[in-house]
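Chain naming follows the written order as A, B and C, and within any one chain the residues start at number 1.
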Amino acid sequence: MKKVIVGNHAVSWGVSLARAEVIAAYPITPQTQIVEELAEMCADGRLAARFIKVESEHSAMAACIGAAAAGARAFTATSSQGLLLMHELLHWAGLGRLPIVMADINRAVAPGWNIWTDQNDTLAQRDTGWVQLYCENNQEVLDTTVQAFRLAETVSLPVMVVLDAFFLSHTSEPVDIPEPAAVDAFLPKREAALRLDPADPRAFGALATPAVYMEMRLRQQEAFDRVHDALESIDADWGRRFGRSWGAIETYRTDDADTVLVTSGTVTSTARHVVHERRARGEKVGLLKVKMFRPFPTRRLREALAGIPRVAVLDRNISPGHGGIFAEELRSALYDVADWLRPRVDGYVVGLGGRDVTPAVIEDCLDRTRAAAASNASREDLWVGVKP
Amino acid sequence: MPDPRPITDIAHGVPPIAVTSLSTRVNKTGSWKYIRPVYRDRVAPCNQGCPVGIDIEGYMNLVREGRVDEAVDLLLRENPLPATTGRVCFHPCENACNRATFDAAVAIHAVERMLGDRALERPAPAAPRTREETVGVVGSGPAGLACAYHLARLGYAVTVHEAAREPGGVLRWGIPEYRLPKAVLAGEIDRLRAMGVEFRCGAAVGADVPFEALARHDAVFIATGVHRSRPLGVPGEHLPGVIRGLDLLRAVNAGARPRLGRRVVVIGGGNTAMDCARTAVRLGAEVTVLYRRGRAEMPAHHEEVEAALHEGVRFGFLAAPLAVLGDERVPDEEPLDAIADTFGGFEGLPARPRVTALRCTRMRLGAADASGRRRPEPIPDSAFEVPCDAVVTALGEEADLDFLPEDVARDAGVLRVGPLGRTSRTAVFAGGDVTDEPHTVAYAIGSGKRAAIGIDQYLRLLAGEAAESVEIGELRLGPAGNVSVTRWRGDDPVTRVNPANEVVGPADLNLEHFARVPRIEDRMRPPWESRHDFGEANLGLAPSDALAEAKRCFNCGVCNGCEVCLVFCPDVAISRRADGRFDIAYDYCKGCGVCAEECPRGAMAMTREGL
Amino acid sequence: MSQITFKDVVPKAELLDSGHLACPGCGAALSMRMVLKALGEKTIVALPACCWSIIAGPYPQSSLHVPLFHTAFETGASAASGIKAALLQRGDTETTVVAWAGDGGTFDIGLQALSGAAERNEDILYVCYDNEAYMNTGIQRSSATPEGAWTTTTPAGHPESHPKKDILGILAAHRVPYAASATVAFPEDLVRKVARARATRGTRFLHLLAPCPPGWKTNDEETIDLARMAVRTRVFPLMEVEHGERWRFTVDHPGGSVEPYLRRQGRFRHLTDEQIARIQAQVDARWAMLERRVAMSPA
């Protein structure tokens, strides 16, 4: 069934189709519609889940952790400050290998209060052991939300589904909502191999000495290694059933490109438009959308970008004291590519705190990349559009 | 609970998460400790305090558990006359009772009496004849009866020689019936008969049976007691109406009810004096007891003094007799003369001397004498007279040792004996009042038991049996207690864990675990009623009340399975065995000491031994 | 019977194994042992950071015969809420979900989550075992540390200067169905309260006094006696409150001087007579307040 819905409701629909069992959430702009819609769905019986109206995001994640440990399919949603408050427990869910799914609305972090989109909140969690999937449009949001549960339960890792504040969360788009029965066939009920069960009493998370802790980390890392193939397979299955697959990355007209834009989130949509325009003018430009940030799709990125002369990474985030995070991680991923195949990577910090990333901004980045390549100047990431 | 199932998803030696599959029982935390708890059965102070030497704590525990017949058995192992002692003993056990420091001592005497009365309804303990030797016992008072009883239980054939026509000694002839009914005494003596003890009454050793005739026995026990009353030693003491207390008691116990007259003075401050006073009350007299020292110095049991007071006996302290005054005729009889002429042929009452008064002097307490008691001294010019019709003397008794050969050594008028009753003559033992035992039934019984052990030891050695020389201290219940024949026999029915012969004091207990419960007092017949007859004045406790009293017993020093240790162990290191005692898992015990600290009865100790 | 015995009121089955890592004489270990006995096997414990995080045993060992979920410091009540929701989703209404936290994880860092859960009347049993400081990290003060106590962050020259939070009052203000204080020295009272809590639906709270030999500077064997004394001198009254309004005392509190209780503990050894008198006055005043609460309770 097709509906025109905002991104937040796409999340709600995804959660409802996935038949989440325990939802614990705390309101924060601009996530609120997710939980409001879910509360309505629970209240009128469309969704048979327990909804815990917790008193903070920290408690929301703690409740999800408890619920998941007891074998339930657990979900929460948050943004910005709320996500930061959860930070301690994101590690707990990650190393605890609990298949929780969380939607985060990418929102800038305070101080000064800023409710508009940027990616610092989720990227600051990149070491917590969560799979991170960045969405470009509301259809992708719904599809990814449902896929996230299956992925999480397959590899026993928590999964974060990320969408831009307002540009997706509050923007209406047509979304094809699959039939519940079809989703049930795609995503069966969760059966936890190990859960809190009085019939099988064990302690979870006991003191782990240096003698064993590192191996548990290794097992987590190996689970992340399995995500690449698992997501591909799940995405392909979704594609067979519902006609849509999204990929861990997506390339658009990169085959013969001499300059590739690397983007994530809604900036990708704008970049598509720019690429389309430039191609029409004969420029060999392309676009690479990064959807899966954790695990970092190193192999796929190398394959896609090896031999491309110039890459312009648009980062709607900044790691203070270093640079744009996608750019840094990409440079690191490309380090081992053979010299003559390794692209020049220019990083552009754009759109922080919700500043609009217009086609003109993207074009500016493209032009700078091409000009810089010509002069072979090496420079730091460029902050685009800031007042001098 | 067995360990959980092992995890199957293992890689690099670990599950995906830190999930456990093993119990902490693999940690032998017992290695942490530097001190460890042990159960250590010790001795309750009542056991030590009892001159008979009874496992009082043991029978209290059995009564508490409802195992009353086993309690009777345990009691009869040591005390052959529990229905008697439960009535007449001055219960030093209660004075020693730790509960006295908490609310009130357990009424041990009442429980013993209840058990003793129950024992009268049950068959006698087994006394199979397992030895060839025979033993002769001279005297069937408490010492003789006790010795005979224990020897019979040790397997010997015993013959008791009793001068009087019925056995019992002071129990029959000395103690009045209102304290010890004849039927009770008869039942206790019948127990001995049922055990095969032979009684030959009506023949006195010495007068009727030569002492040397006793040589047919392999050993002899002398327990003839004391029968010679000390004389009054003042002018007038030979007047009719001056009666020796023992003679009065003997006559009344034989059924006589002599008329003593309206006013009777009893001289003396001991139990015999109280017996005489209360007997005189029952013979219809107004009684005054005169004692040369004060109330606090009276050796009589304070309960007897209380009872005498309640029965209307008056007491005069710090008074001593100077002379008994008499007269040919008493003024009361003058009226009879006046009417003698009216009744022809009535010649009046024959003149005979009779007591009219007792002249006394006031006394005061001076310096202490050798025994530590302050000597009473007459106050000069303080004489006064007490009008009376009879004077009963109860000034103490002495032994008559004339029937014994010279080689049975004596000391200050009594036979000299060793710790187990041996005299200076081979195969001759002695006990009770004829030795230097305090003159009470309980001490007499205790000495009879010791002599039985002494005789058993002597005869076994003689028979060439390898008898380890017994350290009498090991037989004693506590360092200062009397011996236990159960310890001598080595067949204690009570399981002792790591026993130590120390006595538990109040500081060893944890009184936090006890609630205050008032002591139940004996049911006494109202004195205005009981003073008129020789029926039992003290009815003891109803059986349910005796049971309640037994439940007040702290069970000092011996584990009674209350589980306080088990409940309070933070390390789950104490578990209950099938036999009701406890195991400590030293593999896990950390030596914190909570168990020993909380043990209500001091039955645990912390020790460095064994570490 | 004259002796107060527990063997007929304390359930026999053991749900705690030996070999756990508690210090000798640990009041918290005995608390868990007794509470689990009263709860039975159908129990899941959520355990935030506290002494018990260590006592339970290191991977791969557990000392409990029930599932145990170690969770972050602040999250006792919130994790327990999630566990309970999951159980209800699968139709399990029998298993008791317990949050087992120390005083730090309850009075301080865990208070928000506890308040949130209590306000929502989550169907969990929250047990705070109170050893009156952050003992696991080496005896630092918490808001449960009694006034006058030495801790490493309130040294003898400048001891704890605030009275203990009235945690039962706080829970009563949330009007939870059942909240109570108890301690291992009164096993019958403790077991009864746990059984009552188990049978109640909604948020139930138990505040247990758990003496700590190393933290209180007392001898290992004194643990039970200290708890007993704390109750008897009214330093730690044993009460229960229903729906925040019906209060009652559940044992006798004879009262008397708190000085012997204080003086036997090394953590109070520095107290002057004036300070002890002040503490006595506070105990007396608080007792009077508690008596008013009880008196004003509806029938």
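The working rule: contacts are C-beta pairs under 8 Å (C-beta built on N, C-alpha and C of every residue); 3 or more make two chains touch, one makes a residue touch a chain.
On a predicted model such as this, the values are computed, not experimentally measured, just so you know.
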Between chain pairs A-C and A-B, which one is joined by a greater number of C-beta pairs in contact?
A-C
Centre of all protein Cα atoms: which chain's centre is nearest to it?
C
Just how far, in Å, is the C-alpha centre of chain C from the one of chain B?
53
How many angstrom lie between the centres of chain A and chain C, each centre taken as the mean Cα position?
43
Distance in whole angstrom between the CA centres of chain A and chain B is 93
Hunt down the residues of chain A that sit against at least two other chains at once, touch-wise.
200-208, 212
Quick check on chain C: which residues sit in contact with 2+ other chains?
56-57, 59-62, 65, 70
Give the residues of chain B that touch two or more other chains, as numbers and ranges in rising order.
18-21
Per the contact definition, I'd like the list of chain A residues that touch chain C in the complex.
21-22, 24, 49-50, 52-56, 58-60, 62-72, 74, 88-89, 92, 196-198, 200-209, 212
Which positions of chain C touch chain A when the two form their complex?
41-44, 46, 53-54, 56-62, 64-72, 74-75, 77-90, 95, 112-113, 115-116, 119-120, 122
Can you list the residues on chain B that touch chain A in the complex?
4-5, 7, 9, 11-21
Given the complex with chain B, which residues does chain C contribute to the contact?
1-7, 10, 14, 16-27, 29-30, 33-34, 56-57, 59-63, 65, 70, 184, 187, 213, 219-225, 228
Can you check the complex and tell me which residues of chain A touch chain B?
95-97, 156, 193-194, 200-208, 212, 215-216, 218-220, 222-223
